[in-house]
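First chain written, first letter: the chains are A, B and C, and each begins at residue 1.
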């Protein structure tokens, strides 16, 4: 369920990135201030473990399909929420860079969905509440299972909201929710069971590893209010900056503007970059934005009448597109030849 | 040159789970000596080595490195003096490239960047691995990894080298090269190993440890001739001293 | 099990590609990272029915691929592997948005299909540019660039550590998975229970390894701060690289060159 760059708008991607970046900075500070510097190599290999563990799978009884381990909950239990969030962020970064699994801009969303919800909501408010101060085998099992499932549900809902506000997909809210939540309920149950199995194995053989983070030590104790306030502030600020920067593309942005200012009137300030951009757009009458105006909300879709796009424009677009594509390939090819001959000299 | 002395007196250590790893170990190693620590698996060799750089500290017994007794206050100085080469190079080479890895220690000593560069180059050329400088550690062969591990320690210019199984997992040729390299070092060397043939090449003195106690401490040649002692400590004569499998001659 | 090996070889292959020495590789990682980011933002800022204006953006990855002497087919296959999620979400567009937006003789295309194509093109461009970035920069350099551009050092170090030990742990995991599959028959032994033990063991070993690494770090004077002696040099070449590409992207964002070219051609023919 990794978000992809192609499915989000710059405003949504940028805003969520800002939130994730803020969290990364905050967690980095927390980890650095931690007196126990053993956490630094431990985070590194734990991340590599999550990665390696995702490569081993198991058969789900009765279905023939296979499942694998989800990372964030196991990391939270072992490392505490701050280090777990950083580790999860690093795992997702490697996936984004090497496997193009979720792009660079969508990485912010993915870190938020798969890191923030499990580490900062599900872990402290579900797992720790159930596991309690004196954890037992059963409490840990139930706590892990519940926290994994709910953490993933929140993450999936995050995907729905981010996609919706980006307005690239036509999926209406209701359908999307009905599609995403049950799928991720199934995934969550499987992941939760695996996580519980691994954690209970560790609990049986090396209980001190789990007790350390479960006890109300500095690493497990933080104020959610603080995190949420910082998060909101980051979102508001970037929302503001991005709305100013990207107002040439209003569809995805309306939401951000609407939420940051509380009104839609601010949408078209008559000065600054926006007016400059409108002027540029005014001069280039065939701008695509104006031919293909997109609907404001994905759930009440009302596309512009088709008549404004005459077939001539579309044919020209196709012909020109093909031409440029050939040109791009040619440039690439020519450069390759040139560098090839040079390296032989 | 009294600061190269390693002295261990009445060292005892019990792990938190109750395993008694060391009971009353004492020895003294002077400047420039090359000493092998041998013994069966679980005899306490690794536990002993972990005490020499202060990773493990027990209330029982005294350890002196050079002029300092090993305490929390002298830890930093001791760790600079004692260079430790680990059994698994993957544990020792944790940075993205060979250069970064060798530079890790000198940078922590807060040396200026140029000095760090010189030290890295010197350490790498000593072990013959200068050409590997920009490679990531996971792209090295076993022998190369070992050489680079040693370079990471040399870059700290330690006085004492402590090595845990330096020849393990090496092919015969890499092993031979390593032995030749170690021969050229003038440092005080403490080597824990099962490779008794290497001991014959490198160490004039051997300490035999069995169940957390010093069974014997003396010249290598004498110890390896003592059949009874070796058998009791779960050891065997080095292959070189055993009969030829074809003709039976020694 | 073969998946582990593939993933490992794959990381290794990308890593090898990034170790080459070409013009594309020599450019400072910060310049490449920044340019790629601007590229992605420009690409995804297009409206959802845009197709033709996106085409010129293929020039950037094409140029980088040829300068960096990267294998096109290999990168393309990597994109195909991850495209299903985008297809899964995007495929609903043609189902829901049936308004006809384009006619070409007897063929008519609904808005949904156009926006679906647009998503696929954007996906190829964005995913491709990221792969190209890593293949001609290398992960470690990207991390250094991130740190120099203001990412917290703890996070940059975490990335470096993670990447370093992925190679070690994947090797370890694949050995364990091999051992399991050699002794499991008729699907027995591949269930969740054994899986739990397997991962549990791997995890404990991993934690022990972390302890040994920490020890190795302490032995070389680690005091909680990781220092890296690496100087990145960004000169006029990097500035030109970044500015020229960014200018190109922004120009392509506002002027639909393919449409203009196409118009010129179709009008002169008619």
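Here, a residue touches a chain if its C-beta (ideal position, glycine included) is under 8 Å from a C-beta of that chain, and two chains touch if they have at least 3 such contacts.
This is a predicted model, so every value here is computed, not measured.
A.B. asks: Go through B-C and A-C and name the pair with more C-beta contacts between its chains.
C.D. replies: The comparison resolves to A-C.
A.B. asks: What is the chain whose Cα centroid lies farthest from the Cα centroid of subunit A?
C.D. replies: Most remote chain from subunit A, centroid-wise, comes out as B.
A.B. asks: Quick check for you: compute each chain's CA centroid and the global CA centroid, then name the chain with the smallest gap between them.
C.D. replies: So the chain sitting closest to the middle is C.
A.B. asks: Using the average of all C-alpha atoms in each chain as its centre, how far is it in Å between subunit A and subunit B?
C.D. replies: Taking the mean C-alpha position of each chain, the two centres sit 47 Å apart.
A.B. asks: Where the centres are mean C-alpha positions, what is the separation of subunit B from subunit C, in Å?
C.D. replies: It comes to 43 Å between the two C-alpha centres.
A.B. asks: Quick check: how many Å separate the C-alpha centres of subunit A and subunit C?
C.D. replies: 15
A.B. asks: Quick one: which residues in subunit B touch 2 or more of the other chains?
C.D. replies: Only 94 qualify.
A.B. asks: Any chance you could list the residues of subunit C touching two or more other chains?
C.D. replies: 160-161, 163-165, 168, 209, 213, 217, 222-223, 226 - these are the residues of subunit C that touch more than one other chain.
A.B. asks: For subunit A, write out the residues touching at least two other chains, lowest number first.
C.D. replies: 41, 44 - these are the residues of subunit A that touch more than one other chain.
A.B. asks: Residue numbers of subunit B touching subunit C in their complex, please.
C.D. replies: Those residues of subunit B that touch subunit C are 50, 53, 55, 76, 79-80, 82-84, 86, 88, 90-92, 94-97, 100, 103-105, 107-109, 113, 116-117, 136-139, 152-153, 156.
A.B. asks: Considering the complex alone, what residue numbers of subunit C touch subunit B?
C.D. replies: 15, 140, 143, 160-161, 163-165, 167-168, 209, 212-213, 215-223, 226-231
A.B. asks: Going by the contact rule at the top, pick out the subunit A residues touching subunit C in the complex.
C.D. replies: 1-2, 4-10, 13-14, 24-25, 28-29, 31-32, 37-38, 40-49, 51-53, 55-61, 67, 69, 74, 78, 86-87, 89-91, 93-94, 96-101, 103-105, 163, 167-172, 175, 193-194, 197-198, 200-202, 205-206, 209, 246, 248-249, 251, 280-281, 284, 286-289, 292-294, 301, 303, 306, 309, 311-321, 323-325, 327-329, 331-336, 339-340
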